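Here it is, the structure, as C-alpha cells.
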Amino acid sequence: MTNTLAYHQAASRSAWEIDAVFLFITVVSLFFFILVEGLLIYFAVRYRRRRAEEAHATSDVRSNFVLETVWVIIPSIVVIAFFVYGYVVYRDVTTPSPGASDIHVVAQQFLFNFKYPDGRTGINELRVPVGKPVKLIMTSRDVIHGFFVPAYRLKQDILPGRYTYLYLQPDKEGAYDVYCAEYCGGGHSTMRAKLIVMPPGEYANWVAGAAAEAAVPLADRGKALVEKFGCLGCHTVDGSPKVGPSLKGLFGRQGTLEDGRTVTADEEYIKESLYDPGAKIVKGFPNVMPTFKGTVSPDDVTAVIAYIKTLK
Amino acid sequence: MGTSEPKAVSGANPGEHAAHASPAVTYEAAKLGIWTFIATEVLLFGGLFTTYIVFRTKFPHMFHADYVHLNRVLGAVNTVVLICSSLTVALGIAAIRKGKQGMLRLCLVLTILLAAGFLVIKYFEWTEKFAHGLYPGTDVFFSLYFMMTGLHGLHVLAGMLVLGAVLVLAGQGRFSESYHTPVEISGLYWHFVDLVWIYLFPLFYLIG
Amino acid sequence: MKDTTADGVALTVSGDAHPRGYLEEKGFWSWVYTLDHKRIGLLYLYTTLFFFLLGGIFALLIRIKLLYPGQQIFSDHMYNVLFTLHGSVMIFLFIIPAIPSGLGNFFIPLLIGARDVAFPRINLASYWVFVAGILVILASLVRPMDTGWTFYTPYSAKTAADVTLLSFGIFLVGMSSILTGLNFLVTIHKLRAPGMTWHRFPLFIWGMYATSIIQVVATPVVGITFLLLAMERLFGVGFFDPAKGGDPVLFQHFFWFYSHPVVYVMILPAMGIISEVIPVFSRKPIFGYRAIAYSSLAIAFIGFLVWGHHMFVSGMSKTANIIFSFLTFFVAVPTAIKVFNWIATMYKGSITFESPMLYALTFIFLFTFGGLTGMFLGALATNVHAHDTYFVVAHFHYTMMGGTMMGLLAGLHYWWPKMTGRMLSEKLARAGWLLTFIGFNVTFLTQFFLGYGGMPRRWAEYPAQFQPLNIVSTAGSWILAAGILIMFVNFIRGLYTGEPAPASPWKGLTLEWQVPSPPPTENFEEIPHITNWPYGYTKRKTDGYE
C-alpha cells in the first residue's frame, strides 16, 4: 500500500493543493463515518433483544422535527464546504499561468506525439525545464484519449476534432508517468508516456542537441503550408484586409461577428475557420472561404496556428 | 396527487383473474397508462429534437443550404393527410360514444387509408432524395432528416397496426356506448403521432 | 387489516387451503404464459440472478488477469472484452432489473393490497421483450464487444466488435424496463386497496414509485442514444463523428442523462427494502416516515440534474463543471437523511439479528462508506485526479454492490419464505454473509488506494508498483466468491428442502405477511381495508400516522 501511494508522490503545486482538498474531505467524512457507524453499532449492541420473547414497550417515537431539521442543515453546510474548496482549487489548477510555453499534444492509438514551439517533436516523451509553466494544447487523431499525470493529480480528456488544454506547473525535477486515462482500445493500458522535468541548464543542452536534429520549426512549416494552400490570395500578412481579414496579429484578437457576437481568435477558432469557414464570419467580410476539411490534417492545422502566432 | 384518496376497489370477485374488477378503474388505468407511454415517446423524440437543436446552432449555413432540397409541396400534402386522419379518429371516437358502430368502422378504415397514403408519399419523397444522391450520412442535416422522419414513419406504421387491431375488434362488435377504451387509447396515440409530424414539418421543410 | 398486532397476524391466515399457493399449477407453459405478477417476478428474479453469477465469473477472470502486471494469463483484448461483459451484464441484465422487475413485480401488488399489476399482459410482454433483448445481446458475442459498458464514441463507432447488434439488444432491454416502470406507476396510482393512502404506503412502495418515474423518463433517452449509435455504424449519420461535424461529447451527454439517473433505479428500491427490514427487526416504528418517503422523490428529481459529473474532464466548459459539481452534492442530503432515519429507528428498539437484518445493517455500513467516497468525486479538484481511476471503480462497487446488492440480499432473505413458502437455513445465511462482507471489503477497499495511487481503470497491464495491492484485491474476490457460493447453495437448498414457512416468520405488519406463504394466485381472498400505516410495531396505540 505504501509503495503504491509513494510512487506518484506529489510533485507539483497542483498536486499539493489537490492533496489538501483530499485530506480535508477525508477528515470530515471520516468524522461522520465514525459517528454514523458508531451509533449503528452502539444501538445494535445496546438495544439488542435480550430475552427470547418480544419486548413489550419499545419506544413509539416516530419523528422529531428539531432533530430532523438539524440533520438536513448540517450535511448541507458540509457539502457546500466541500464544493467551495473543491471549486477554488479546481479554478486554480485550470487557470493558465502567465508565460506558459505552448506544447502541442496529438494523441493517437496508442501513443502521444509532442510538438514543441520550435518544431522539435517527440513521441511518448515530454521534456520541460523545471519552474517554467507549460500549456498543453491537445487533440486526437482518432478516438478519445486522456492525459493523466498522477504525480501532478491532473487529467484531461483528449478529443478528436477539438482542442482541450492542460496546464502543468513543473516544480520538481524528475521523471513522471503519463497515462492514457480514457479507454481507447486494445492497447489502452500500454499508452504511457514520460514527463521529464529537467534543470534549465540541462534542458538547454538537450534543446540544442535535439534542435540540430529537428526538421523545420513548426511555425516555418506553417508558413510553407499557408503559401502552398493559397491562403495568401485572400489573407495578407501585413495587416491590410483583402477578401478576408489579415493574419497579422490575428491570434488572440477579439472580433465582432456578423450576428453581433464577439469571439477571440484562439486555436479553436482558427481550426474552425479552416474546417467550417461559414460558422463564424467576421463582420464586414463575405462568406466565401472554402472548407479545408480533408485537405489540411490536424497536424497541419497545428503548424498553421503556430505560424499565425508568429505574425504579431 | 399526493393526498388523493384511492378509488374504491371492488374485491367481490376473487375467482376472476383480473387485477381491477370495476370497468371504471380499468378505464382510468388505461388512460394513465397511455399518457405515461406518450410521455416516454416524447422523451424518445426529445433526444432527436435535442440533436437537431445542437446541430442547427452549430451549422446554420448547412441547414440553410440543405432545406431547399426538400419537397415542400409533398410535405404540405402529407401534413394535410395526417391532420385529416386525426380528424377521422376523433370522429370515430365521437361516433362510438353515441354507440354508432358503423360510423366507427368507417372512420377507422379512413384513418388507416390516410396513414397508408402518408407513408406512400413519404416513400416517393425518400426515393427522390436517394435518386439525387442524398442519403443519411450525406451530411448532418440529411442524417437528421432521415432519422427523424424514419422514426416517425415507424410510429405511423405501428399506429396503423394498432388501429387495424381496433378495427378487427370493432368488426366483431366489441365496442359500445359504455365500453370503448381501446378506441380512445389508440386514438390518443394516433394524435401523438400526428403531433410529432406537426413539429417535424416546419423544422425541416419551412425554416431554413 | 383484520388484526394489526404482530402476533395476531398468523391467526387470520387460512394456510391449508392452498399449501402451494400461486405455485400450485405446474408445467413449462404455465410459466411461459403466466399473467400472475408473482410468477413473472420470479422469472425475472431467476433470470437476473443467473446473470449475476455470469457477471461474477467475468469479474473473477478480470481479477485473475490483474494478478500480474504484464501480458500474463490472457491477452489484453480478452481482458477488454471481459470488463465490458462484466459491466454490461451486471448493469443491464442484473442490477437494473433485479429489484424493480423481480422483487418489485412480486411485492408491489401485495404491499398495496391489489390482486395484480394494472396491465398483466404488458407485464408478461415486458419479460419476454427482456429475454429477446438478452438473446440479441448474446448473439452479438460472435464478435464480442470491447468498448466498456459506456460505449463512448468514436471508439464504439469504429471498433470491429458488433456494437450495432448490441445496441439493439440494449434497446430491447430498455423497452422492457419502460414497460415495467409504466405498469408500476399505474398500479400504484390506481389499484390501491381502499384506505391505502399515500402516507400509509410501505416505504418500499415509495422507493419503487420514484424508481418507476426514473425508468419511464430516462430510459427512452438511452433508447434513442443507442439507436443513434447503431445508425452511426450502419449509415455513418455522423452525429458523434468529428470528421462529419459531429461531437463525441454529445454522446456522453445523452448517455449520462440516462445512466446517471439509472443508478437511482438501482439504489432507490434497495433503500426501500432497508426501510422495510429495519423496523421489523427493531420492533420500532420507522423514524421520520415522511422524510424517507419524500427523500426518495428528491433523489429521483436531483438525479436528473447531475449527469455532468461523469464528464468533468471530458472537455465540457468550466462553467458547466461548476454547476454540475454544485448540484451533485445535493444528492448527498436526502441520502444522508435516510441513513440517519434508519439509525434513529434502531434507537430504543428490541433488535434481533436474523439474516435480513444482518444484510440491512451491512447495507447501511457499506453504502455510507460508498456515499462518503462520492464526496471526493463530486468535488472538482479531487475528481480531476480520481476520475477514470480505480478510486471510481471502488466507489461505485461500494454503492452498487455494497448498497444495491446488499439491499437485494436483505430483500431476498426477508421475502424468500413468502415467495417460496420455505425457510432458508439461518446458519448458511450467516456464513455466506460473513464471507461476503469480509471478501467485499478486502476486494474493494484496496482499490481506493490503487486509485488514488494513480492506477487508471480499464487497464489490462499496469506498472509493477501496483501489483501488491492488486494481489490483495484478487484474493478478496475469492473470499467474496465463496460467500456468494454459500448463499446460492442456501437458496437452492431452501427451494427444495427448506422448512415450510409460516405466513409471517418475521412478524411483519405489511400486507404481504397477512396472506399465506406462498400467497394464493389472487393474493387476497378479500381485498383488505386499510386503516393505519404498517409500522405500528410498539404494542401501544397503532392508529393512523396523521
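Order of writing sets the chain letters: A, B and C. Residues in each chain are counted from 1.
As a convention for this text, contacts are C-beta pairs under 8 Å (C-beta built on N, C-alpha and C of every residue); 3 or more make two chains touch, one makes a residue touch a chain.
This structure is a prediction, so every number in the text was calculated from the model and none was measured.
Look at the CA centroids: the one farthest from the centroid of chain B belongs to A. Counting C-beta pairs in contact, the chain pair with the largest number is A-C. Note on chain placement: the centre of chain B and the centre of chain C lie 34 Å apart, centres being C-alpha means. Chain A and chain C have CA centres that are 35 Å apart.
Chain B has its Cα centroid 46 Å from the Cα centroid of chain A.
Multi-chain contact residues of chain C, defined as those touching 2 or more other chains: 245, 247.
Shared interface positions of chain A, i.e. residues touching 2 or more other chains, are given as 276. Residue positions of chain B with contacts to 2 or more other chains are 58-59.
The touching residues of chain A, counted against chain C in their complex, run 1, 3-5, 7-8, 17-18, 21-22, 25-26, 29, 32-33, 36-37, 39-40, 43-44, 47-49, 54-64, 67-68, 71-72, 75-76, 79-80, 82-83, 85-91, 93-94, 142-144, 146, 148, 150-151, 153-157, 159-162, 164, 177, 179-190, 192, 276, 293. Remark: chain C residues 35-36, 109, 114-120, 122, 178, 182-183, 185-187, 189-199, 216-221, 223-225, 227-228, 231, 235-239, 244-247, 250, 254, 521-522, 524-527 touch chain B in the complex. Against chain A, the residues of chain C that register as touching in their complex are 6, 76-77, 80, 146-148, 152, 154-155, 158-159, 242-243, 245, 247-249, 282-291, 313-315, 318, 321-322, 325-326, 329-330, 332-333, 336-337, 339-341, 343-344, 346-353, 361, 364-365, 368-369, 372-373, 375-376, 378-385, 387-389, 446, 449-450, 452-463, 465-466, 468-469, 507, 535, 537-541, 545. Taken in their complex, chain B has these residues touching chain C: 1-11, 14-15, 17-20, 25, 28-29, 32-33, 36-37, 39-41, 43-48, 50-51, 54-55, 58-59, 62, 135-137, 139-140, 143-144, 146-147, 151. Chain A makes touch with chain B in their complex at residues 276, 278-279, 287.
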